[in-house]
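You will see chain A twice below: alongside chain B first, and alongside chain C after that.
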Partner chain A sequence: MELGPIWRAILRNKSSYALIALQIAVTMAIMVNAIAIIQERATQMARPSGTDEDNIITLTSVAFVPDADMRTMIDEDLALLRGMPGVRDAIATNSFPLRSGGWSMSLSTEPGPNSDGIGTAIYFSDEHAIETFGTNLVAGENFAADEITWNNREVSTWPATGILTRALAEELFPEETGSLVGKTVFINENDPVKIVGIVDRLQAPWNGWERVENSMLVPSRRDGEFQRYVIRTEPGMRDEMIPRIEAALAANKDRIIENVRSMTEVRERSYTGDSAMITMLTFIVSLLTVITGLGIVGLASFSVSRRTRQIGVRRALGATRPEIMRYFMIENFLISSVGIITGGILAVALNIYMVQEFALTPLAWYVVPIAMVILWLVGQAAVAGPARRASGISPSIATRSI
Partner chain B sequence: MFRYYLRLGILSIRANPALSALMVAAIGIGIGACMTIVTIQYIMSGNPIPEKSDQLFHVRVDSWDPAEPYDEPNEPPEQLTYLDATALHAAGRANRQVISFLSSRVVQPAGEDSKPFQTQSRATTADFFAMFNVPFAHGSGWDKSADDTQERVVVIGQALNEQLFGGENSVGELLTLSGEPYRIVGVLDEWSPVPLFYDLNNNEYNDPAALFLPFSVAVAGEHGSAGNTNCWKPIEDGGVEAFRNSECIWIQMWAELPGEAEKAAYLQFLDAYVEEQKLVGRFPRPLNNRLDNVEEWMDINEVVDEDVSVLLGLAILFLIVCLLNTVGLLLAKVMKRTKDISLRRALGASKATLFAQYIVEASMIGLAGGVLGIGLTWLGLRGIENLFSIFEFVQKLVVMDWVMVLAAVALAIVSALAAALYPTWRACSVTPAAQLRIQ
Partner chain C sequence: MLQMNNVSKIYRTDTVETHALREFSLKVEEGEFVSVTGPSGSGKTTFLNIAGLLEDLSSGTYELDGRDISKLNDRERSKVRNEKIGFIFQSFNLIPELNIFDNVDVPLRYRGFKAPERRKRIEESLELVGLASRLEHMPAQLSGGQQQRVAIARALAGEPRFLLADEPTGNLDTNMADSVMDLLGEINSTGTTIIMVTHELTLATRANRNIFVRDGSVSDGPGDLQLAAVAG
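Now for the complex of A and B:
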């Protein structure tokens, strides 16, 4: 094998090869870390919200007439919405998954002031919430219609029952193996809440929250002037229902309807930053790979034209075309390997730094080998053209003086 | 001589068009990527009120839970309770002081068929406008007396005045907000500090609220806060009164203190206030009051998005790759020309002459790369604008000013010179005549 002579030839011209190896190394460091971030964001975006997103419409109703009778307005609106053909169910709530604004409280298994409570999002609603969101009740029961109360800032007593997400219930009772339905937790330090049901999934409104899977449905509605309506349509009817719902609600002039959005749009808004980050990083990595590839092409072309005579001599001494081609391919492989191995170390170091500095998820083990293979292939593809040109050099060149 | 080098440079660039294009493209793309992110970072971290940012202090007092700090390691809460905000404001110990919170109102324009709409409002006190150098097109802010008597007055922003009154002077007109009439006393000129330093708890790149109305009016009218409300202690019984007397934090406070002495005195005043409150059983935590000026407060709130910092780091590495690429190509070019160089040296060219020649050539590539880089930065900013198109605030972050254009050119030339240094040095160290022998 010609590895030895090729390596020695590289060492004779260290600086240009060191530059390309360094370039490959930094490219590798960027690529690995960009892939790690892309992966992290894509995983976050793939988490289901626990709702029937394809068929849900959300909107905000803001009453502005002083002393409006909110309770009647909400009841009339919900009766209207639930009665519309094409609407499967509807609720008035304070917030919903992916909205990025809402109410959070802390739950604990013991009463009294303590700081080890478990944070959860609170959704104030009624017995239609499970059907409207499209989540599944996996244990216990739904609220009964006569259980639903009204509350506002003036009333500070908490309803005595709640439906929790499975993630929240399991975080509250990590040791418990039996059913968690019927257990009591405490909210607002001393108010008991009995768990009457558990749903498999219903995210909190904040997608970046560490406890995003924790939420609790509360059988009570708030009668403030801001109301969020969540409407679930029959499958496939969402888009045609949006204008009809707007028109139906427009009849009441004591309030305005705003932010009418499909849940798909709510999701897009919620994850705009993450999807933009993915796009930008993908763009940066692709561009970078192209530039590094072109750099390799440029340097290899130089190297070939500088060694035209030597190649001619080798050909004249009996080297075959594939042998010449192989020489350049192996040369590139060796330089790339130096760069890729240095790059692997750089990449891991950079990742450790970024994990500390920006709380990113650490790199998955397989990203480094994947990036290695990509860069090896890019290097070989980039050098193939100049190498083929080199192999085409005629042995007769050797007889010319320049 | 310089013109001669320019000509030589152009010849050399023309001799290798593909390669020269690759070098220009690499520098341009590297600069473009870097400057796109630098521009956004520059705007995000810009000083929105440079003329007095060191005299405006955000006020924090530690009224939080005895069991744990508001934020690690030992940060006091970023907002005040109603009790503390009103007491500190009423004391009036700073040159100027302002308490405020974000809310919203439904604007009901006059006329039968006009549609009511919701807009953000800021409930604040009389000093707000003078303190933050808010420019007025017509009228002015309200007097302290309006705060005291809960007078329904309002200052409206430029855009809202445009929308409601076609940009005419609307001072003195009545405006119906959520069913109640307010008298317009002032119309703002164009004003949009970035970031919105006086309220970093909500989106710091939002526009200022369209309406400003007296704090006392908003409290009496029970305007709910549109910002965060945090409580560490359950509210005793229900009722609005109980909420106001609770330990819930929801009001922001700023004080204008022109010098170190005033700042020290005000901090002393805060400490004395807290000690007094401890006597009635409030403020269970140790003394921990803070005054942070605008830039300190922006730092604490990390106004530069973390993603931008990550992208900036990667973009700088990206530029480094592009430069390594250029160094490699320039070096290869020099290696190929050793014979020319050797000949020129043999004919009497000094090292300095050769150095000048190659640096001129590299600068031309740098300049071309810089110009391309400016174009690509503009494109990059348009791309980001497009990615965030559903959020209006992005418009403010993707603006290139002259500082950034000059920075792009400077960065390009510095980069190209840095890239050219090593290859040029190699070229200068070619020994005369040694290369003239046939290989």
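Now for the complex of A and C:
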């Protein structure tokens, strides 16, 4: 290996190589942090909502007839939906996971205005909610049909029971090791809510919320003009049920049905911004990597042209073609290493700044090594062409008068 | 040691065919100091390139140390160049980014010698050419004569049996040229075979034998006659 002489030769021509090393360093810093952001977004997007997404349909019913009997309409709709072949269960609710809009409240373990509350999403529904969402009841029991109440803007009392997600229950009672079923929490400062059940997971409607895993099912239905129905079909029947359900509900001319979407579509819409961010960052990183690769090709080509005679001399002195190729590969490896190591330090520094300023997740330990390997491979691939050209230079160049 | 029989070298382009060597035959014995003279374009450098395995021949046979060179692949030819042949070029051809030590080190690394062996050979060869104190100097810090001495040290460090010199004094003034020729004479006296291409007949007289090349062939007459004239 000619590491020593090649390194010393590089040091004697620092200015020629500094720019490409800087370019590699900047690419490295941006690549690492872009990967970190992509990874964070991808991880967020991969989180399960806690629902049987493959078999769920959501839609909005908007009644426009003045003084419509909403309670009757909702009961009839639910009876219709639940009775349809292919429908496993259905609920009317104010919102659902990934919808991006909903109702949040604060729960605390002590009554009163000064107690520290824990934020949670509220899903108003009935005893069919667990089956419809497809979440798992891991402790306690479901609501009974006779405890479901109606409420609206004028009714401000809260039902006395609730089913919480495990994440919410554990955040409310972090020290508790036993069952949390039967505990009482307070909503609206002083209204007690007894925990009757705990479900494994049911995300809040807002995917970017830091407490997205906190939600509470409430045994109460709201009788407003805007109703959101969540329908769970038998496995594999979702897509064929969408037009049937829409047609069945549309038979009632006192309202319009809109936003009929599969849960898959709801998820896609919910993460549109994240998807776009991932696409954009992937494009930028790819472009930067290609530009850096082209820079290396350019520098290596120039280097080969400038040193044609020197290469001929080396060949005359006994270098084989692979040895000439190896020379340029090693030279590029060393220059790239300077850029990559500098870029690695820059990347970590930039990540620390972004973690502090923008609450980005800290870099996973393997991101920097992976980016290093990628850039080393890009560098070696980029220099391979010029190096191969160099290895083809005839040793007879050494005796020519240039 | 070196034997060429009816060697021809033809350079071809789409429209032109140039015969650089025609039926070129030559035998050089071990330990000889042979000068090759001839007018510009006569084929001296082509002969040197073929003798030094820098170029392929078009036809004929070439044996070096009893080996048929035409049967060697590129890697084997590189190995022969590295182990058996030392090159001295008109324009020195030192690598400008490397210091004197690293320049002499270049062929030794390709030879695969370990670091202590390389260091010993580099120091000895630079000692031989009187530049042992300049190990860390860069080529640009040396005079032309000194650079050529470094090139000679580089050629000798691998202890080749065969030294090929292409106009070794072409870029040197008279004093430096004499000094380099004295050095080549000393090297030859230790048993190293030298073939030197030159257009200066006065330098050619320093060789044991002169080959005069004209139109790509060894000419029968003018070589020794011209040398005799110069010497006389």
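Simple rule for what comes next: the second predicted complex is superposed on the first by the 400 of 402 C-alpha atoms of A that agree within 3 Å, B and C clash if a C-alpha of one lies under 4 Å from a C-alpha of the other, contacts with A are read in each partner's own complex, and residues count from 1 in each chain.
Note that a residue touches a chain if its C-beta (ideal position, glycine included) is under 8 Å from a C-beta of that chain, and two chains touch if they have at least 3 such contacts.
Because the structure is a prediction, the values reported are computed rather than measured.
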For this session: Would you check which partner chain A:394 touches, where first means chain B only, second means chain C only, and both and neither mean what they say?
Result: second
Problem set entry | Touched chain A residues, chain B compared with chain C | B
For this session: State whether A:291 touches chain B only (first), chain C only (second), both chains, or neither.
Result: first
Exercise. After superposition on the shared chain, which partner residues are touched by A:137: those of chain B (first), chain C (second), both, or neither?
Worked result: neither
Exercise. Of the partners chain B and chain C, which touch A:84 in the superposed model: first, second, both, neither?
Worked result: neither
Problem set entry | Partner chain in contact with A:188 - chain B first, chain C second, else both or neither | first
Exercise. With the two structures laid over each other on chain A, which partner does A:314 touch: chain B (first), chain C (second), both, or neither?
Worked result: second
For this session: Applying the touch criterion given at the start, work out whether A:20 contacts chain B, chain C, both or neither, answering first, second, both or neither.
Result: first
Exercise. Touching A:242, do we find chain B (first), chain C (second), both, or neither?
Worked result: neither
Exercise. Do chain B and chain C land on any of the same chain A residues, and which?
Worked result: 309, 401
Seminar exercise, completed: Residue set of chain B touching chain A in the complex reads 18-19, 22, 25-26, 29, 33, 65, 67-68, 104-106, 108, 115-118, 178-180, 224, 233-235, 237-240, 242-243, 305-307, 309-311, 313-315, 317-318, 320-322, 324-325, 327-329, 331-333, 335-336, 383-384, 387-388, 390-391, 422, 426, 438-439
Exercise. Which residues, counting only chain C, touch chain A once they are in their complex?
Worked result: 45, 48-49, 52-55, 74-75, 78-79, 81-83, 87, 89-91, 93, 95-99, 102, 105-107, 109-111, 138, 154, 158, 166
For this session: Could you pull out which chain A residues touch chain C in their complex?
Result: 2, 4-5, 8-9, 12-13, 309-310, 313-321, 323, 394-396, 398-399, 401
Problem set entry | chain B-touching residues of chain A, taken from the complex the two chains share | 15-16, 19-20, 22-23, 26-27, 29-30, 33-34, 37, 62, 64-66, 113-115, 153-157, 188-190, 224, 226, 256, 258, 268-269, 272-273, 275-277, 279-281, 283-284, 287-288, 291-292, 294-295, 298-299, 302-303, 305-306, 309, 354, 358, 360, 401-402
